[in-house]
């Protein structure tokens, strides 16, 4: 048997450590691993090459993905999936390790049912929005990049009397925003999952400003679309000149943290062991309360993602 | 009731976030919190002051501890513990939150049995060597500091044909060393808990060097006292000019990571809730598989620390 | 005589090292230094306190300014300047050390002519836009913050086929943008001082894309207001999906680099020596080709800032 | 004509940006550049390859040198230099760009006199010890790596009552140590070029300790061999428990700063322009007071390196 790895959807900082472990572990098992470049687009276009040790030397500390990734519309059409299958078959590849989010896993699920291809999915997205799962590769690095940027913004915020509104990525999910707000000591946090009592916040913060508070830091999840609203709110209700900062794409980059490197290691070894043994194939590996599980894509899609109460509980104590 | 916080033993990067949460949460609960400066030494010498919001403003990103810490020999003598008790009693303090390791918790256990003082201990040491516990505050930050230093050493190592031996802290415990070795892609890792098969390593590495490997990175836990031995071993067996780097005290410093900040938050809120409710007092909070537990010091001392198999399993695949 | 320090206008990462040197050197000379908090606003409102060693302990690595800064409209009115003068006189302060830009220096110039107050100005702004001067405090730190952010953006840019447009601060001045573009290896750089030949760039980049270039990085100075234009230009002319990233306020923060710390030291020692000796007072210290000079504000205002040809020369070779 | 680049001696963080500029600029000029791998050893052993744009893509942020470096004893023998010459001649290479220190430049000087080979040397060493020159590539990065490590050590130093002795690289030269001591706010600095008055320091520091100073930071240049002496001195004279930290090889690594990247750019463009025009060949480019000069190796060797008085002047004010 032969296994190929591919990335799909948005990139995340855990991808390169995972790719390195994939190559090292596959060779250790006597396998000859393959790379599929540029995601499902590259799978369709036969951008497939044998992976070597040299390819993955010195990549552990790099953000992004050395094999690229893509969002593919063509893969929704059966004709292109057939092409993809031919590309794999002609090279003797029968299994895929997929780093991505649930859209990618759904595509793989369809593909594996149509053709004789096994796959394992590893949740890899800074949005941390996969159901039945606590941790997606890349989240810890993104959180520390946000911390680092916020430390810098706080330098300038604390020098003036000012409000600062920081917009955080995460699509419909507020995890990245909430965890950052708690870790960075924000006064306000606006996420899709929680209905913040702004009139209470107003009362508390006005009191604090009267007692000497100089600046107010507010984190807003992009999914709420309330960034500009909160800028106005602080200016009007708290009477503070306010600036906004959209952190944007720096949140997707950065040297993977130790946590992301170790998690990449564990996810990949389990994924390959499944594919080699034929157990738990065509599923997604998840991580909950310190243990790894396998779920088929149906279970994941039919469950809805819930933000951890450990994070939302903490939000009650900020401000 | 009134609660004071103190640090004891070696410092660790999670201390300041924990101190900040202690102050914020105590005030939120209507309590008036206290600081004990310079650990048990300061407790004996009455270096005790009310804690204010201002004291903890802007400390989240600082390593070390703003209230200091110490190792106290005097506290082993009852006369000094009596003095310590008087210092607390005269200020109306009846509870202590202690950030430290098991030596500190044992001292607290004795103290709480002799006098009418409650305590909760939070495992805080980069050595990660508390039994029945997966995670001590400070470990994640230390791991990322080591990663960062290793990235720099690798720059120069890969420029020459060379061996590099990096000595890692952790006293008798190899956790920090093993996790770093895996995360940084070391070829060799020597820790107290595992008997590395050096003749196998020699065979594999000589083969790799023949095939083009230019440098060899070896992590050694200080507890093994084998740093110099491994320098010689690489020079002699692998015939590579070899340098050593003792990372030393930089491992104790650094801006606390998001993981350490969030764990500090959760540990402290649980500790204070215990002290306020009188439940689970005179114990140490531990964290295993994503859940928090309370153990009395007897359970912890009578158990022996075991390094997580999740880490040692990974060691089988490096090199 | 007694000297006070104040910051004025936008904050910059060299301010705290300068403040620390001011206090240390003034005490060394037997003087009793003062802080004026919150810039000219604080000067009007008598936010003036004796500066202590304790105030400046452990501030060298902090961005922003521990004494705050402001932009003051009131200071344009003579009545408020009279109030400012009374505040200084009543405390026996006769000299001011001012960290700021040329607007602040002009205000000081007026003030020193009306009242018996001496001042020295130190160019301090990440915009690097003071005439007759190569280097403003804060620039080196800002450049390295931008480098660090760009490294992260490049991670994700290189993972997709994409254009990336990064907007850089600097008001009307393109220095920060040009130096960053060269240092980060950008393909395109748009600044107010240079007329970029976009049709040449189009030809070269299309050729490179044909030969395998996957992504294009474009730096735009905020003063050109061409950020959105360049996003469209890349999408249309180079046929690459393109994202923009406005780095914003992170550029003003961050741990001051060694260069900024040493320059702060040298600027401040010279400034204090002038005030103590009465030589070259009521002027701005500038730095050109490795030497320090004194200019009265008239010379600076009547000269126009010119971006260093050393930087613009390098722009000819990027892309 | 054809030009090759090589690194020689210890590595320094400016090497990769210089290598990238070399390749980009040579192609821009229509030249076909070459790499010589592993320094003079590789020159002898014919490790010479055409350099491509792909080789230097994404290397700007890497410490070390992607083409390696070495210290060569064989090159002292004429027979090996003949071999080296043959290797160049057979490939049509007539010019060398050499990144290294004065030992390497002397070797080149001999080589260029014996054979028909031109060279230009660019001072590249974190030791900053080239005569007639203010700045060697790599120094700014090394200084900021030291600053970063010292920030971490200060975290733990300030938590205990302690002395800390930090040993800094630089061989016989104290520049790196002195600049770091000033920038990091050390109390003591021991370098080869200055005779520190320790009895004065003792008096001042004892006074400060009496007034509340908790810790003492001492920087020692490796060239003085006084690290252990200063540990004992602080323990005995200042009565503080003292730790030492030998920063070691992390000082050679790290993402090149903007300053090093820009200086690399300017050095390389000047070097190539010389080789292309035949002007100032067989010399070393130096940088003084903001300008570039050319010196033949004789001038440099017959001058002795002097540490900048700008740095040693600052030492008078620390402590």
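Note that the chains are named A, B, C and D in the order they appear, and that numbering of residues resets to 1 at the start of each chain.
The criterion applied here is as follows: a contact is a pair of C-beta atoms (placed from the backbone, for glycine too) under 8 Å apart; a residue touches a chain by one contact, two chains touch by 3 or more.
Treat the numbers as computed from the prediction; the structure is a model and nothing was measured.
Identification of common neighbours of chain A and chain D yields B, C. When you average the Cα atoms of each chain and compare centres, the chain farthest from chain D turns out to be A.
Chain B has its Cα centroid 28 Å from the Cα centroid of chain A. One simple way to say how far apart two chains are is to compare their mean CA positions; for chain B and chain D this gives 36 Å.
Centroid to centroid, with C-alpha atoms defining each point, chain B and chain C lie 40 Å apart. The set of chain D residues that touch two or more partner chains comprises 151, 154, 158. By the contact rule set out at the top, the touching chain pairs are A-B, A-C, B-D, C-D.
Partner chain B is touched in their complex by these residues of chain D: 7, 11, 13, 15, 38, 62-65, 68-70, 145, 149, 151-161, 164, 214, 243-246, 248-250, 252-254. Against chain C, in their complex, chain D makes its touches with residues 20, 24-25, 28, 58, 60-61, 134, 140, 143-144, 146-148, 151, 154, 158, 179-180, 182-185, 255, 257-259, 261-262, 265-266, 269, 288-291, 310-311, 314, 317.
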